[in-house]
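The following pair of complexes shares a single chain, chain A, combined with chain B in the former and chain C in the latter.
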Partner chain A sequence: MAERTPGWVYAVYLALALAGAGLPLALAWEGFVGWLAQARSMTSLAVTLQVLASGILQGGLYAVIAMGLTMIFGVMRIINVAHGEFLMVGAYMAFVFFMMLLPEELHSLFTSNLGMAILGVGVFLLICLPLMFLFGMGVQRLLLNPVVGGPELTPLLITFGLSLILINTFISVFSSDFRAIPYMSGALVVGNLALGYPQVISVAVSAAVTGGVFGFLKFSRLGKAVRATAQNADVAMVCGVNVERIYLYTFGFGTALAATGGVLISIQLAFSPEIGGIYILRSFAIIILGGRGNYLGALAGGILLGVIEGFISFFVSQGSQLQELAAYTLLVFMLLVRPQGLLGGIADE
Partner chain B sequence: MKNLKGFMTAAAVAAAMLAFPAGAWAAQEVVVGGAISLTGRYSEPAGRLKDGRTLWVEEVNARGGLLGRKVRLVLRDDRSDPSTAVKLYERLLTQEKVDLCVAPYSSPITEATASITERYKCPIVADGAATRSIWGKGRKYIFGLVGPSDDYLRGAVEIAAKKGYKRIAIVNEDSLFSKAAANGAAMYAKKHGLQVVLKEEYPRTQTDFRPLLLKVKALNADALLGGSYFVDAAAITRQLKELNINLKIWAATVGPGLPRFTKDLGPLAEYVLGSTQWEPVPALGYPGIKEFIAKYAKRFGEKPNYHASQGYAAMLILEEAVKKAGKLDREALREQLTKLDMMTHYGRYKVGPDGFNSGKGLLLFQILKGERRLVWPEESQEVAPVVPLPAWDKRPTM
Partner chain C sequence: MRAEGAVAGEFILDIQAMTKRFGGVTAVNNCSIRVPRNIVAGLIGPNGSGKTTLFNLLTGLLRSDGGDYFYKGEPMVGLTPHEIFNRGISRTFQIIRVFREMTALENLVAVSRDGDLGGVRRRALELLDFVTLLRLKDEYAGNLSYGQQKLLEFVRALMSDPEVLLLDEPAAGVNRTLLNTLLDRIRQLRGQGKSILIVEHDMKVVMNHCEKIFVLDYGELIAEGLPEEIQRNEQVIEAYFGHK
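Showing the complex of A and B:
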């Protein structure tokens, strides 16, 4: 028989609840007041445009990464936790190529002007993507194929294990030092706008890759088969699609997209074997935002998150600390309010 | 079966061969141990600290060792992570039973490991920690060597004040040392009547500072002061150029003071101001400074920076304390470190009642033509600072 809860327990609950609600409110209020003061002193059209442009540039990169994740999820219903590590591997491939294989006299070739710099990234990608495509297929064939269609948790745990293995392997090979590629610095200055060359190149490549992926899915035979498998694997199989092969290609494509993101990060920011976490978190938020398995959704979600992050870290005081919070909050908020995402997800059809 | 037996015998012999001489030597060796960030975010400054210590070990062994015994330096990699460092010290002090302790690099890691070295009563000369609060907790086995974090950016503030720049932006990593450096900068800025238009922290994992720098630009800051280490200081410098942000002053802690900063950033490093505890400038006039610079340059192929100098100085101080105590007894060593008053190539070592080396001041340099040149304080000045920094598009292209 349950004893009657004494009154003081409720009092404690009440106090805890008040404290729990009060603390964030107080913090939020302080942040709001700081924000008002700061925003008023900074805002102008030129500045807002600059923040917007930077956010879009950043978002383009996010979109490429998230697209790989959403593709794998859409087709295979696998949440690939190692996606961020595939990205990291891509960044290190660019690093090895640029810093170890390429003679130093040739470095300036890639940094002399915008055209050559874009060409340089093109070369990185030509080397890196086929390798990562094969790597992705290998992972699918050896680790994931045996468990596709089983309990959803199994592939999740497998990819989680894979991500830890990759991080630690890379730490033991490259150490946990931060690396950077001395890529072209400087900015494209248009009136009041300053767009960093590495970011401009990154967004140009992202656009090309995104366009390529869309074209492939929309028009090619294989692309149609991929979409058919995503919509309904059983029906696709009945119609003569070799689903197992589609899974193989899809995982390869997804991995290559992650690696593309990695190469694009390597030319603009420092990286270490542990950077995957930063991007996987954002990718999750993006595909929830845009709609799981929805490619256009990944594009829209990526750019939206880039812009939101930009505005938060710009306008909110101590905003650098709050960027990750933005991604988390969006993720939870979307799941509660519109779980299918802005553009609707394949998974919910 | 036979093969297996043969293999096992061979293995046993090999193991004995490896273990035995080591065991025989161990009785005579003085093992000096600690954790240090050989890899990770802090590896650049920590690596220089290690080089300074290595030089001392080689020298002390060449002159007959410590108390007539050979010295062996054991430095384990904490990967720039405080909790790893704590585990490593725990192991070094319990299982590996080191004779003498050396400090880790960085204030946050020293703060974490100080409780361990304190618990096992192993005195350390903290050559990689500048934050006063570490000495504000009644610890008895930790001794300061370097000037306080709060003063790192003081020179930059004073130059700004002298030039009549009013708007100061301060950014820092959200960890112990960088916070103290930023707070110190804000304090000095207020003292000189300057306006702190932005004071913002960024997480330890930050690599993209562009949104933050846009804020600095929009607020029209004259000077940007960074409570930073290497990775962040390098990234901020690069991204300032990328966003075409022209500041009158850009000064940072730690990063610019490392040889790799100029090597990695090349022309981007020009004009950056940096705080330093010490520079390889014989005119500083400390005893033996010239000889130390020459010895270090010969051994490592580059001039020592302040971290290297600190690593070497701490070992000299430890050596002196051991000699005075005449034994490796930790209590005797603690007593000697408390009352020692010693001049080295690095400056004076004389701790106050809290164990902090309070007499040590900071300097400021500017990178000019790839060299760090002292610009502050005036009595140590090699050249006048070039401020305002030339705009990016007014500099020669790379």
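Showing the complex of A and C:
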């Protein structure tokens, strides 16, 4: 029998819980005070709407990334620590395509013409996603398949090692400098809102991909087999589902989703081989927020985090640094208060 | 290698000296069972006698530590679960395992393999109708009653039109009406030429509906025969009730 837990352990739990709840409260308070100050000097509703819209645009991108992570976790029970690096690889693939393979005379097309800018991203996704899908299947087949069903720590460590390999390979090839793709700047003006073109394109692609994932899981037979495997792999097996193949596809899909995020980041932000860490942390926070293995939860959590970050960075002084804190704080807070996530996660077996 | 002396068609399942150990426990011990074609057969034995383990071996969920098994004369040891399913052996579980977060219809469509989606859907609807679940086709499986989930699992096993059906305690926890539906459907499948092997604790069900009974104890086959023979068998009585 387990020994009785000493009282001081509970005291530590309580202290942690208070810290976890206190941080967001403190942030919220500072946010409120800052907002009050801002609100006096600006037309507050318009600004709030602007920040909200930007947050939703950002959140759509987060959702796509987190969805890949939650899919792999839900189906294979693998925590893919290399997910952020898959995203980084996607961003660099876009970089290589735009900067090295495309003749320089054509660069201006992506900075001046909206139609061409959209077409460019579309074409690039069509090239990049199948390649990353294959890459993901290769990783699953060669590295993860031999350890599926074993101790949970093994695949975690394998993907951790893979992430280090990818980071250092990319540093040695591209250096650790930040890179950026010269892309369409300017903004779409709707009423009082100004929405940056890259962000609008990004959210449109995110929405299309998210819709595609939902449709695939809901209506296609392969999607049903994926969901069946996620719910009970043993039963799926004796019902004729080739679970090994489902794992292969799932890892491919998850990797392609991460790479989609990478491509969308590459057209709006600078990136280096080490950016993966930031995004995987956000993805973890999102899937804990929404519920592990829950796709709708990933969507809701992603948008929520985007909006929260937007408000923090706009209304709080020193906001852009504090913004990073939002994901950490949410992660700890949710685990303490509602570990199953807002929308509920898959059952632990 | 083909099963020795197997007259093609006589035995649908030919299990030869299969063994499965878990650490120091031998769950299935040198077990040989021959299931004739087109039969409703019972597999009984006290708790822990290895019935479910044997089902797990037959469906490839567990790897055996020895022995062979043949289906229609073909060796099956070493095949993966979905390959075994595709050859025509299907099962249900003792503790129901429907896909709770999918609708009844999706539960069936998810497991099918061949054919166009339209055809698969038609078959799924027919099967739901077969067990009186058609009006619940769009209900999430997790919301169905226990007995309805059992029926759903039963027809899920039928999606591939299997020749052998392994049912693990189909009667447990099911009310009389649903049980009668289930038993009636089992008779119909028997009439279509299928072979059904049932693990069951409800002796009334076993004795009234099985044509042949196999008895396991400590993973070994201790008796086989007609229901009335089994009821009189000293060894079986001893296995269930201990020494007199």
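By definition in this document, the second predicted complex is superposed on the first by the 301 of 349 C-alpha atoms of A that agree within 3 Å, B and C clash if a C-alpha of one lies under 4 Å from a C-alpha of the other, contacts with A are read in each partner's own complex, and residues count from 1 in each chain.
In this text, a residue touches a chain if its C-beta (ideal position, glycine included) is under 8 Å from a C-beta of that chain, and two chains touch if they have at least 3 such contacts.
Please read all numbers here as calculations on a predicted model, not as lab measurements.
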- [ ] Using the superposition on chain A, decide if chain B and chain C clash or fit.
- [x] fit
Open item on the list: With both complexes overlaid on chain A, does A:Asp234 touch chain B (first), chain C (second), both or neither?
Closed with: second
Open item on the list: Touch test for A:Glu105: chain B only (first), chain C only (second), both, or neither?
Closed with: neither
Open item on the list: Is A:Gly186 touching anything from chain B or chain C once the two structures are fitted on A? First, second, both or neither.
Closed with: first
- [ ] Return first, second, both or neither, reflecting whether A:Tyr197 touches chain B, chain C, both chains, or no partner chain.
- [x] first
- [ ] Check the residue A:Asn242 against both partner chains and state whether it touches chain B (first), chain C (second), both, or neither.
- [x] second
Open item on the list: Between chain B and chain C, which one contacts more residues of chain A in the superposed model?
Closed with: B
TODO: Answer with first, second, both or neither: which of chain B and chain C does A:Leu269 touch in the superposed model?
DONE: first
- [ ] In the overlaid three-chain picture, find the nearest pair of C-alpha atoms across chain B and chain C and give that distance in Å.
- [x] 39
Task: Residue ranges of chain C touching chain A (in the complex, touch as defined) - done: 59-61, 80-82, 84-86, 90-91, 93, 97, 99-102, 106-107, 109-113, 117, 120, 156-157, 159-160
Task: chain A - residues contacting chain B, complex - done: 41-42, 44, 47, 50-51, 54, 58, 111, 171, 175-178, 180, 182, 185-187, 189, 194, 196-199, 268-272, 274-275, 278, 309-310, 313-314, 317-321, 323-324
Open item on the list: Residue numbers of chain A touching chain C in their complex, please.
Closed with: 221, 224-225, 227-228, 231-232, 234-244
Open item on the list: So in the complex, the part of chain B that touches chain A is made up of which residues?
Closed with: 38-41, 43, 79-80, 174, 197, 200-203, 205-212, 214-215, 218-219, 231, 234-235, 238-239, 241-245, 264, 266, 268, 392, 398
